[in-house]
Amino acid sequence: MFKEPFTLKLSGHLFDNDNILPSYVNLIRELWSNGYRMAVVTGGGSLARRYIELGRRMNTNEAMLDLLGILVSRLNAQLLAAALSDIAYVTIPTNLDEVFRAWSTGRLVITGGFQPGQSTATVALLVSEFLGIKRLIDCANVDAVYTSDPRIDPSAKRLGKVSITELMGMLKSKTIAGTYDLLDPWALGIAQRSGVTIFVVGCSKPEALRRLVIDGISEGTIITP
Amino acid sequence: MFKEPFTLKLSGHLFDNDNILPSYVNLIRELWSNGYRMAVVTGGGSLARRYIELGRRMNTNEAMLDLLGILVSRLNAQLLAAALSDIAYVTIPTNLDEVFRAWSTGRLVITGGFQPGQSTATVALLVSEFLGIKRLIDCANVDAVYTSDPRIDPSAKRLGKVSITELMGMLKSKTIAGTYDLLDPWALGIAQRSGVTIFVVGCSKPEALRRLVIDGISEGTIITP
Amino acid sequence: MFKEPFTLKLSGHLFDNDNILPSYVNLIRELWSNGYRMAVVTGGGSLARRYIELGRRMNTNEAMLDLLGILVSRLNAQLLAAALSDIAYVTIPTNLDEVFRAWSTGRLVITGGFQPGQSTATVALLVSEFLGIKRLIDCANVDAVYTSDPRIDPSAKRLGKVSITELMGMLKSKTIAGTYDLLDPWALGIAQRSGVTIFVVGCSKPEALRRLVIDGISEGTIITP
Amino acid sequence: MFKEPFTLKLSGHLFDNDNILPSYVNLIRELWSNGYRMAVVTGGGSLARRYIELGRRMNTNEAMLDLLGILVSRLNAQLLAAALSDIAYVTIPTNLDEVFRAWSTGRLVITGGFQPGQSTATVALLVSEFLGIKRLIDCANVDAVYTSDPRIDPSAKRLGKVSITELMGMLKSKTIAGTYDLLDPWALGIAQRSGVTIFVVGCSKPEALRRLVIDGISEGTIITP
Amino acid sequence: MFKEPFTLKLSGHLFDNDNILPSYVNLIRELWSNGYRMAVVTGGGSLARRYIELGRRMNTNEAMLDLLGILVSRLNAQLLAAALSDIAYVTIPTNLDEVFRAWSTGRLVITGGFQPGQSTATVALLVSEFLGIKRLIDCANVDAVYTSDPRIDPSAKRLGKVSITELMGMLKSKTIAGTYDLLDPWALGIAQRSGVTIFVVGCSKPEALRRLVIDGISEGTIITP
Amino acid sequence: MFKEPFTLKLSGHLFDNDNILPSYVNLIRELWSNGYRMAVVTGGGSLARRYIELGRRMNTNEAMLDLLGILVSRLNAQLLAAALSDIAYVTIPTNLDEVFRAWSTGRLVITGGFQPGQSTATVALLVSEFLGIKRLIDCANVDAVYTSDPRIDPSAKRLGKVSITELMGMLKSKTIAGTYDLLDPWALGIAQRSGVTIFVVGCSKPEALRRLVIDGISEGTIITP
């Protein structure tokens, strides 16, 4: 199922946890050496939030705050590329043109955020679209998509499969949009227009990713275009 | 009112009409020589649509189609910069970093689109936010914001003033989002978070722009954060 | 004959005609998949002329006018690359260094103009020279080289083969140089010094290109160094 | 004394402490608005060490580890530039050429590390030399230069003034070079050849910096070329 | 006469002579401090020829040989910029965009060659045209334009003034074009279309340049558009 | 022994001698075609010294003087790349990122200096470290490492093998460091930390290089980490 190239979005939370990151590094190298091809997009995690808070306390404007988060996501991308320097393109791309240049060398491409006002989920979908990739695996801070935030709503229902249209409807009907920032409307819009299927899996267990890529078994949510 | 620097978004339609463009060129030069400072963002217009159609007929992916539209908007920016080469930064910026570099020279900065999946309205708001600009004038293909599309709905009501929150509510309640593409939710979200007021005026009469900038009289719609 | 890499110059007129462009796209893909390797240079066509006229009406200097033409030729290059994104380098090079970088990836390289004061024919010869390519096919707005412009001089003679030296003599003896801008002295000078043979074929029938590349049959003019 | 432009090196430790950074931001803005001109170089601090350790645990090579430290120092530079975006060049330079471009705009230039195998102290001296700056203030993790590390050697003597030659002699005679990494031989060599005086002050009290710049009173060590 | 910005082309021969170069450096600084503004273009001289010969002996293609000459002209530009680093833009531009960026800072801009197949005389005219400069002073290896090469033809007549059209006629009528490479047809064509007047003076005596700029007295040839 | 990729540092003296350079060009092509892979770093030689002297005479600062030397080393790198354009990456990298991009294409990478305050020996070690290369061959102006400078000290002893630690001790104990500038402490420090073995051979006889690479026989000095 993932023999075609896919995009892998890694939650920034992975980089807050010193013990789990090496497992992902090993898993990515193992997949790569077994012929799986992927472009990786990393998030910023709690370190991004720390720098944004620091900046906000000093009255920094929103664009600059976003920029700080982007730099942290690129730092995480560089850490991953450094640990995988035998197979990765070690110069982190900062826009779609550079992603293409890196991709055309045949090496593992790893990127962070691109520009203010844009989530790394959106980056992952832009990269997918630009490279003609039809499957995105989102290793997220939650293990699946729920009808509402399971951390605050005990009646939240876990979804095994949901269409982008249904998901967008759910996002709209909520009083405060984006209470948990898995996927934003802009990211979903790109998935929709380009027919990208999104596989959400929890990032706390690398095994979920391995099972999805190798065995094609989803333990999270499949979001269909 | 516009003695502080402002952002000027010019609809791509201006570039479809060989007669109106020179008036805008003269008006911008006149404003500049009277001490008004601005960053200009140009749209792609019907030429962008032509190239996108051509590309679509040859099965081009959506990201590449957007790229064609971006290139046309940059071509329009270059035409404007060429005609204003006595005051403009003639190298068209392609991202926020380059906008900042151009802006720090004190010359008139003109830019087109930035990246796929993003409207030039969003670019105009990102530029405003990044440079700390609090007012955006949107010379649009319509002369104001209406409660629905006035070209198809005779009961459409013209709005003199509307808040971003109200406008977003109206966009959401419509069955098909974005039937007329003046401003998208992403652009409005940036205006909201950074407190940018948007002045919509029709692009068919340069006088409306002059009156707004010099006399502070809005003939279109004021969208308040 | 064209099993060695060659350069393909496509007249900007191809991009004025929505129907013929897809045939060229298909032909280039077919040639590529049969092992033919080429670098493509696109012209600006009537759209370039329109923007140059617009600029001239607003008193733009000559360098800026050339720049507008160059941007249109790059827009055409991007359209072609978009339609061929499965095999092409989709980031359009803007100078010889970038052409080399793109070429070294093994993908189809497509470029437009480079700098003011320089025709795209010259670009095609600079690219050939830089990459060590010895054959340039010029899909031109005319179907061959004539002793004078066949559109205005009924006694114009069609040339099957002509040397660069002879052609330069003909260009010099004409009262007004460059009445039809197929090839300029600078372009011919580069062909001469680097031993590049130029094959002129008409761009209105893709079949002429196919026959030349696959069967080695010239229906236009061969210009020998 | 500091009416001529100077270079300001800020220890990475400043960025570990959320409370002291805003004082430095205010002090720099105050100095700037009083006509003092400076180029700032930021270190990486404990965050740099954390990423380097993470990388090392995953068998990353030394050059890549250095790169991680450099990225953190640039993140710190970006945070500072964001907080000072009214006066700073907000695009962080990554080499001497870019430092010059930023400097030539007249804005406050802030930079982090440049390349592997090089301390940010060395960067600060390269920047000084390139811009023709003769004074470097080093806001360091220690409050002065000592004859040995005061944290482990109680007999360490505090130096009010020392020549580069003397300091180099002291560094050489130590069994393990660089036990505390204030200044390395390469940095000192550049100071020597270009006649840059280095003023070491402790970074824990912004007042020490203010007194040095405004009153010319050194509370730390003056290293003379 | 030269109170408007002008372009100054310096023959590469200046850099072969260690004694005359400092005089030019001093003269340029003196002119600059007296308010004269200029963009400087440097040639490659005998060092360029040495590297080209070395390359040719190793069967290097013509484009690469030109590139070697360009690099030498940039090395000369860097030497000049280094000696004038108090007033010059020390990062040498390599194309028109970069020339514009440097020029917009208000510093003295110095550049060498741009691309293969193009003389530095052509670069000087492209720079003039792009920046809207109407006067080019060509400090050449000859002290004026002659009807033929004075070094081989004793009947060569010195021209005090000549039009571009007349000069082009003379270049064409010669059996072997360009026997002495002061100005090529491409360079002259740009001067013609953009109305640039060229002042040829000999580079062996800086006094000739001083008299021309300050007193407006030409001791060489004025080439009028 | 050299079947793994290695780094080849070529002394700038090679470029002073028109006769020996072609032998190296042929040897490198021969090695390449036999499957040996390498990254080449070129020095500046006597031409670098000439430009530095010229600059110094005009009161240029040290950073700019270094820059002149770097440009000459890049000119030499370009000459080599031009002569080897069938196998080389002809765009000369100017920092580690660009080295990586060039290296990832699989072509022969040739580079000169990177930045002021840094020897080309250090560049060669940074390149080795960044690319994970463990062997550096230094074709130097001397045929081996001696206990002191053999040109001035007749009792100088030739070393067949020496450890980096021993060599650093020898450099430190000398009154004036670096009397002959084969390798500086910074370069050796990088070799040490990354475990790079350095093979010093004289550059006057290409045979020494061939024997080392093909037969594994060192005629100079092996410096072990």
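Order as written gives the chain letters A, B, C, D, E and F; numbering starts at 1 within each chain.
As a convention for this text, a contact is a pair of C-beta atoms (placed from the backbone, for glycine too) under 8 Å apart; a residue touches a chain by one contact, two chains touch by 3 or more.
No experiment lies behind these values; they were computed from the predicted model shown.
Student: Which chains sit in contact with both members of the pair chain B and chain F?
Tutor: A, C, D, E
Student: Is the contact between copies chain C and chain F built from the same residues on both sides or from different ones, judged by whether over half of the numbers are shared?
Tutor: different
Student: Rounded to the nearest 5 degrees, what is the angle of the rotation that puts chain A onto chain D, matching CA atoms?
Tutor: Resulting rotation angle: about 180 degrees.
Student: Measuring centre to centre with CA averages, how many angstrom lie between chain B and chain D?
Tutor: Centre-to-centre distance between chain B and chain D: 43 Å.
Student: How many angstrom lie between the CA centroids of chain C and chain D, rounded to a whole number?
Tutor: Using C-alpha averages as centres, the distance is 54 Å.
Student: What residues in chain B touch two or more of the other chains?
Tutor: Touching at least two other chains: 61, 64, 85, 90, 101, 105, 132.
Student: Make each chain a node and each touching pair an edge, then name the shape: line, ring, star, complete, other.
Tutor: Drawn as a graph, the chains match no named shape, so other.
Student: Could you list each pair of chains that touch, in label order?
Tutor: A-B, A-C, A-D, A-F, B-C, B-D, B-E, C-E, C-F, D-E, D-F, E-F
Student: Under the stated contact criterion, what part of chain E meets chain D in this complex?
Tutor: Residue positions touching the partner: 85-86, 89-91, 101, 105, 107.
Student: Name, in rising order, each residue of chain C that touches chain E in their complex.
Tutor: 61-64, 95-96, 114-117, 122, 125-126, 129-130, 132, 172, 185-186, 189-190, 193-194
Student: Mind listing the chain E positions that touch chain B in their complex?
Tutor: For chain E paired with chain B, touching residues are 97, 100-101, 104-105, 132.
Student: Please output the residues of chain C touching chain B within their complex, sorted ascending.
Tutor: Its residues touching chain B are 18, 21-22, 25, 47, 51, 54-55, 57-61, 64-65, 67-68, 71-72, 74-75, 78-79, 81-83, 85, 90.
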